[in-house]
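Two complexes follow with chain A in common, the first pairing it with chain B and the second with chain C.
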Partner chain A sequence: MTDTATRDRIDAEVKANEVVLFMKGTPVFPQCGFSAATVQILSYFGVKFSSVNVLEDADIRQGIKEYSDWPTIPQLYVKGEFVGGCDIVREMAESGELPQLFREKGVAFTEAA
Partner chain B sequence: MTYAERIQQRLTEALSPETLEIEDQSHLHKGHVGARPEGETHFHVRIVSAAFAGQSRVNRQRNVYKLLRAEMDERVHALALETLTPEEAAG
Partner chain C sequence: MAMDPGEIEALIRDALPDAEVTITDLAGDGDHYAAHVISSAFTGKSRVQQHQLVYKALRGRMGEELHALALQTSAPA
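After this line comes the complex of A and B, so read on.
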């Protein structure tokens, strides 16, 4: 189980950033194809996001799975709300739901041409 | 039983899917974190089931992950999931 301190750290991270991606590696050097794909989608929309490299912190890596009851990484959060993993983000990007979500939540992004 | 067969059995029992496609994509992830020489670590799973009706994408996938928890713990590193209702699949 995750201790309270870890949970609080995750919670603070999620709430302090408009858009935050828990991922393996960094946006510049992703260390997993699914994380890389999610970074690419966010970059495509020109969204500013912060990222947390779960490979650097075993507590966060385990804790984030319990935080949202979601067993895999990456995980995308927008305005404190869990959006989904790579497949969901991709589906939402393709269907137009992702830009719609950014619009509704007041997150700045670039409208695709 | 292979992991693909276990996945098939669990999802079939729980979701009575109209369509269930399980593709082992482990070869695409060779050498990556979570990959194993013996394979069966990465699967693409397409499920069309009426059981998904009225559920958000997040909850659909949450349920699938819960059903496959043992497989994920033991061996499977990642799933690429498509979770559709029959109406969505037809659309």
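After this line comes the complex of A and C, so read on.
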């Protein structure tokens, strides 16, 4: 089970940032295809986001899976809410639900996308 | 560390008896699959909840033996 310190760190990260992506690697050097694809989708919409490299922190890497009850990385959070992994973010981008979510949550993005 | 498609399908069907399951092997290494799952259990559920149902059916293998599963879920039309 995740220790409370890790859980609090995750919670703080999720609450402190409008959009945060827990990923493998960094946006500039993603180290997993699914993480890279999710970064591309966010960049396509011109959304500013912060990222957490789970490869640098084993506690976070395990803790985030329990935090959201989601077994894989990457994990996208918007305004403190878990949105999904790569598949869901991609589906939402294709269906228009992702820009809709940004609009609803007041997250700046490139409308022309 | 790998799974064969039949095992994935059996686990999903065990948890979602009415599920229609289509598994595609993406890389031939037993680690990267795509799955399309149609089940009435998904009706009225968000995508995250639908995918969580499938992950629960896989009883902890997701992210362990099974490295990647590109998942598509839908309720019956």
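Basically, the second predicted complex is superposed on the first by the 111 of 113 C-alpha atoms of A that agree within 3 Å, B and C clash if a C-alpha of one lies under 4 Å from a C-alpha of the other, contacts with A are read in each partner's own complex, and residues count from 1 in each chain.
By our rule, a residue touches a chain if its C-beta (ideal position, glycine included) is under 8 Å from a C-beta of that chain, and two chains touch if they have at least 3 such contacts.
Small disclaimer: the values here were computed from a predicted structure and weren't measured.
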Touched partner set for A:Phe109, first chain B, second chain C, both or neither: neither
Partner chain(s) touched by A:Glu91 [first = chain B, second = chain C, both, neither]: both
Which of chain B and chain C A:Thr72 touches, first, second, both or neither: both
Which superposed partner A:Lys24 touches (first chain B, second chain C, both, neither): first
On chain A, positions contacted by chain B and by chain C: 34, 69-72, 82-88, 91-92
Parts of chain B lying in touch with chain A, wherever the complex brings them together: 28-29, 32-34, 57-58, 61-62, 65, 69, 72, 78-82
Chain C to chain A touching residues, read off their complex: 47-48, 51-52, 55, 60, 62-64, 68, 70-72
Chain A - residues contacting chain B, complex: 24, 31-34, 69-72, 82-88, 91-92
Residue ranges of chain A in contact with chain C within the complex: 34, 65, 69-73, 82-88, 91-92
